[in-house]
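In order of appearance the chains are A, B, C and D, and numbering begins at 1 in each one.
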Amino acid sequence: MTERKLVRPYGDTTGDGMVQVSFTLPVPAGKQAEGAAAQLAASMGIDPAMVVHSKAVGADHTFFVIYGPVKHLVDLSAVTVAERDYPLLSPKEVNTGIRRGLRRKMVVLGACVGTDAHTVGIDAILNIKGFAGEKGLEYYREMRVVNLGAQVGVPQLVERAQKEKADAVLISQVVTQKEAHLTTTREVAAAFSEAYPAGRRPLLVVGGPRFDESAAAALGVDRIFGRGTTPGEVASYLAHALV
Amino acid sequence: MTERKLVRPYGDTTGDGMVQVSFTLPVPAGKQAEGAAAQLAASMGIDPAMVVHSKAVGADHTFFVIYGPVKHLVDLSAVTVAERDYPLLSPKEVNTGIRRGLRRKMVVLGACVGTDAHTVGIDAILNIKGFAGEKGLEYYREMRVVNLGAQVGVPQLVERAQKEKADAVLISQVVTQKEAHLTTTREVAAAFSEAYPAGRRPLLVVGGPRFDESAAAALGVDRIFGRGTTPGEVASYLAHALV
Amino acid sequence: MRRARTLARRAGRPIVDLATSHTTVSLERATIRLAGLEGADGERVPWVNRLVDAVRQEVGLEHGVALPVWDALVRGQAPDLLTLAQKAATGGGGFRIPAGRDLVRARSAAKKAVGQGIRRIDNSRRQRERLIRRHGDAPRRPWIYLIVATGDIYEDIPQACAAARAGADVIAVIRSTGQSLLDYVPEGATREGYAGTYATGENFRLMRAALDEVSRELGRYVRLTNYASGLCMPEIAALAGMERLDMMLNDSMYGILFRDINPVRTFVDQRFSRQIHARAGIVINTGEDNYLTTADAVEAAHTVTVSQLLNEFFAKEAGLPEELMGLGHAFEIDPAVPQSFRLELAHALLARTLFPAAPLKWMPPTRHMTGDVFRGYLLNGFFNLAGALTGQGILLVGMMTEAVVTPWLSDRDLALDNVRYVLDACEGLTEDFNPPPDGFIANRAQQVLGEAVELLERIVDEGLLAAIGDGTFAGMRRPENAGRGLDGVVKRADGYVNPAIEALEVVAP
Amino acid sequence: MRRARTLARRAGRPIVDLATSHTTVSLERATIRLAGLEGADGERVPWVNRLVDAVRQEVGLEHGVALPVWDALVRGQAPDLLTLAQKAATGGGGFRIPAGRDLVRARSAAKKAVGQGIRRIDNSRRQRERLIRRHGDAPRRPWIYLIVATGDIYEDIPQACAAARAGADVIAVIRSTGQSLLDYVPEGATREGYAGTYATGENFRLMRAALDEVSRELGRYVRLTNYASGLCMPEIAALAGMERLDMMLNDSMYGILFRDINPVRTFVDQRFSRQIHARAGIVINTGEDNYLTTADAVEAAHTVTVSQLLNEFFAKEAGLPEELMGLGHAFEIDPAVPQSFRLELAHALLARTLFPAAPLKWMPPTRHMTGDVFRGYLLNGFFNLAGALTGQGILLVGMMTEAVVTPWLSDRDLALDNVRYVLDACEGLTEDFNPPPDGFIANRAQQVLGEAVELLERIVDEGLLAAIGDGTFAGMRRPENAGRGLDGVVKRADGYVNPAIEALEVVAP
């Protein structure tokens, strides 16, 4: 058993537990609405909740700002983080690794799948130009990168993966409304499982700013990369997973 | 049994439950910290929690902004509001009431107690000038108002109340750091209980922007008035309670 | 300035020739829509698609759909367009390219039928003018422009009404991801868009009706905006004209650059849709802001100017007066750049000076918005300030949650409070804002204009299509002979007939 | 402008006469503090209080404490001040007013002893100058001024260091509610303040030491501020001078108006404390902002100007050069007032023009801040902008939670981001900000100045004390012969001696 390490939010004094919350309730403004807001804040563990702002938004909704101490403790020892469980390598090390281990170029297929057209993120990972001062995967001599761009349909993606004999398929999902990113990711995972014999499908890597990095298994992919990912992290992971 | 009327927070779709939260944790910035923030958000009932912003504040703290749906429901039928349980009267009706019922002027003593010097709130209630277009209690012909001003000590308050034969004592508390307002209010309540025979003490009314209006009993006073109170509400309450 | 305009004209001219010598499936479908054909079959394929596909298969599109379709109707192949489309869908169109008297008759029948659509557009325009007279117009410039994007028209409507009541002068319904790549316009009221709601004739109608009611309630005419963009640009323009939309996103190159739509297809569709907008009195909104979401707003500032000049030329050529040219630009400089606000002012003033009568569309920060919603709210305040100081025409209201979610109800409300504070508190501040003629702001504007002229010279030299193929704009390479929708482009034959174009054509500038 | 200054001098002159003809218990205690007496008895009553009270009781304060105290020491009643205070506390002071040779001897002993305190002040000033040379000064104007207010000096210190690291040039430790009405200065490090931390010599020392370390780390001297205000104004000024505080809140009328402290007491204490600040090179911060928390910022704008002129006169008279006059004003106009931002600019520019060399202290919105923290963050951004545009010297950083709580760690961090964005993004924007000489801003400034002159004329007519008694400022009536601390005021006798005043007195302007 690891030792519990407890902390609380910090307003201006250690342990005061202070948080700020805002939300809208579909209730006309007034005392009743403020009471409802306080009730919700209490359900969230804020006690006492100060409803410091309430404003009618049209006739049927009210917007609230709430301050107060939350009673929950944060147990740092129980925090589950998708910690990097592979070493961070330089491009040179990755290249050497692939050359030695794979004895051929690694084929990486990238795309912004479904109706999503936000290519900036996947381009940041793939294009030579890279991101945050790190060169993208195209810069790695031992990788062959095929970037399919935006709004690639799932069947089209599978077809290209087979044609290119992809080792890894990298998909990006930025639009999250109605959980579009999760739905599309699940679709991709299902399509690849179907198209390949068990255990033979390429590595599936998904990225985007609003993913929970620890949900890979649940979505049926091998790895998730979130907000602020750098190309070096992805390259290191690919070398670790495929070589 | 009243019927349950359930609502959820509204982001952009009925029932989506969306809320925004921000807080600081006493943890250095990094993945571990983001995991801790997500854990706290989960404790507050947000699932899935999107940690959309995390920023180091010095070496040992991290500030977070979180968005996501909260799973709690708000039961409107269970909302407890300190609803006005007395009729709202015009100054004329209040005056008539006092004249008929009390057959003398009602004596109202007001003060900003303890070390608190924020007189604007109590002045808004007492001064002729009033607040939000309503005249203050000094305007009521059948009231004699004594406004002691700022930073009035508790013993001094009790003494004046006895001397003036106050029917009601109105105290204001604006500073809330370290619960100053609650502490002072309890002190006042205790001092009055001690100084007067049981059941004979003047009506105790407390006001200020950060009070929970339903906590009167717990604090040992008769009534609490919060943010945005108008003089008319207070006058009507006094007429209701004392006449 | 004059030189810049001359260059833009020279760069644009060959494109106009291209546009007038081609047609596209969507342009032809739009023509049929003007004649009143609506609805879709059991597979939800619109009848206009069925009909135009059938014509194309049987006789090709080189002569346009009008002749074969009305020839068939005149010949009594079917009593009306719908029946004809139904028959055609099952292979029984029996189309031909009429000649001689048949041609004359078909042509005049087509003209009459399509003329009804043109009349609906004219009526809508007059109705707009009437309603503005009756209810009153937006209270001041800039117009306050708010986005609705739930994906469900029935959630959009109350949100749009709430936004209007809260002060919006213009409501834009954002389209679902993916619609721009559909080669048909969905039918009916829709509830299943992602991050936006499908643009359909019925959705247009529903929203416009709701806003008419709110306009009445508020005593000011609230405008409605959508997107004439993507593969169905002409059809959507036609629907917008008939359903009295008031503004339409309509850029000459957006589809090429950001949706990988074939350049020729885009330019052909664009010209037709702008002719409709001109007729309908619809303000177009161009999309220069988009460049700055991928390119650096300082380095690429001159590409915005170049694109504005091109958009202006194409708009004029299609008959749009300056008052209907909502040329776009944006507040997208990295806030970490020193003097970023002054640079923004310089760029915004340059546009204001170049296009004095155009209702410029001022777009909020998006790229440098982060999850720090407080910072985002502040940034939007300075965006609003820049808009007020430089006399922008249309202010697209920025959301503090830009980097997080499509706007929430409360985001819009907070954003409107922000706009209102800035516009009210700074009313008249332009009196005090007097950048010296040799100062930082003037010099920066001069520099950007200089770079724009240089770039235009290069474009004139190599040709606009080649420049687009090279990655000149937004760093995207889009060759002339690639991209989506290319197979929907058809070179016009000599005997090409399109009664809509005939009605819409105005004398070129 | 000249007329306004002349009137202020005429209004202030009688007050100076009052100040030089009275002393107070706190002024006398401050004198003893300069001679080095520290500490408190078992009941936490400071020895300086015990000693001065005993002197007063035995021989009165009309001649000052210096003569009786050092006479006693010279006579060997006690070996040192502490022992004397201890004896005096139990009634064994045996004080008298010396005469002749005894007087001369007592006087010179007192001068020597108090001189040590003056030298500590001089050393602190030199040390500050040295450290600024060594570490460097604040990188630009306005100085960024942040408040710390936990109530616990040991929470304050890390928060202050964090704020300094995050960019604060000045740290102010707010005092606990209630301290201003204490007629003694608490002793030692304290952890139990409400909404602020007690001002004590030890707290000053601890915080200054921590900031010295941070200054070294950051390579820039971080300033420390506290409050020379309330009943112990002179003593706190003395402690501040000796412990090398860098700025002090010190207003000529704040205590009278907002703490109901007797006017004479305040003016006497104020003059002495300003003489110390002048000697110590401490920038004073006046409190005109406070008027606008109770009075309307538009209607009462001229009272701010009048108070600034009076504060200027009193400061000059006490020997403070303009560079040490942090005259206050604030961004407190109701944001709902049309053109509120331009009105703010007009007021801020007026102050800038009237006091060109003074490091004006620009105070953020407080009164119209609400629980809508987003709106608050925006308002603070415009406050920062007004500060940048009008060249303010010291910018007190506004907190979005102003209406909610004393600042949180994250509030300060967000607020600094706000300031930084505005100052960086708008660097140089003053070049473009040129209000026309006959425009709205200039006219408004002229109007306020006119009203100020009118009010000053009235004050000169009736006398400043009478005007204060009338409720001229902040709507508070404060009669000359009422208010707290009145019993601590003593008319000086002819033979009044105070070696501190002698050392500090400079030629009146």
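FYI, a contact is a pair of C-beta atoms (placed from the backbone, for glycine too) under 8 Å apart; a residue touches a chain by one contact, two chains touch by 3 or more.
Note that this is a predicted model, so its numbers are computed, not measured.
Chains touching both subunit B and subunit D: A, C.
Using mean Cα coordinates as chain centres, the one most removed from subunit D is C.
Our note on geometry: subunit A versus subunit D, Cα centroid distance of 53 Å, whole angstroms. Measuring from the averaged C-alpha position of subunit A to that of subunit B gives a distance of 42 Å. We define each chain's centre as the mean of its Cα atoms; on that basis subunit A and subunit C are separated by 33 Å.
The set of subunit D residues touching two or more other chains comprises 149, 372-373, 403, 405-406, 408-409, 414.
The set of subunit A residues touching two or more other chains comprises 10-11, 14, 18, 20, 22-24, 50, 52, 55, 61.
Shown here, the protein chains touch in all possible pairs.
Note for the complex: subunit D touches subunit A at residues 149-150, 152, 155, 159, 370-373, 401, 403-409. Against subunit C, the residues of subunit A that register as touching in their complex are 22-24, 55, 57-58, 61, 63, 114-117, 120, 149-151, 175-178, 180, 209.
Contact residues on subunit C toward subunit A in their complex (touch as defined above): 149, 151, 161-162, 165-166, 176-178, 181, 194-195, 258-260, 293-294, 403, 405-406, 408-410, 413-414.
Touching subunit D in their complex are the following residues of subunit C: 335-336, 338-342, 345, 372-375, 377-379, 381-382, 385, 400, 414, 417-418, 421-422, 424-429, 431-436, 439-441. Subunit B meets subunit A in the complex at residues 7-11, 14, 18-27, 31-32, 34-36, 38-40, 43-45, 48, 50, 52, 61, 70, 72, 74-76, 78-83, 210, 212.
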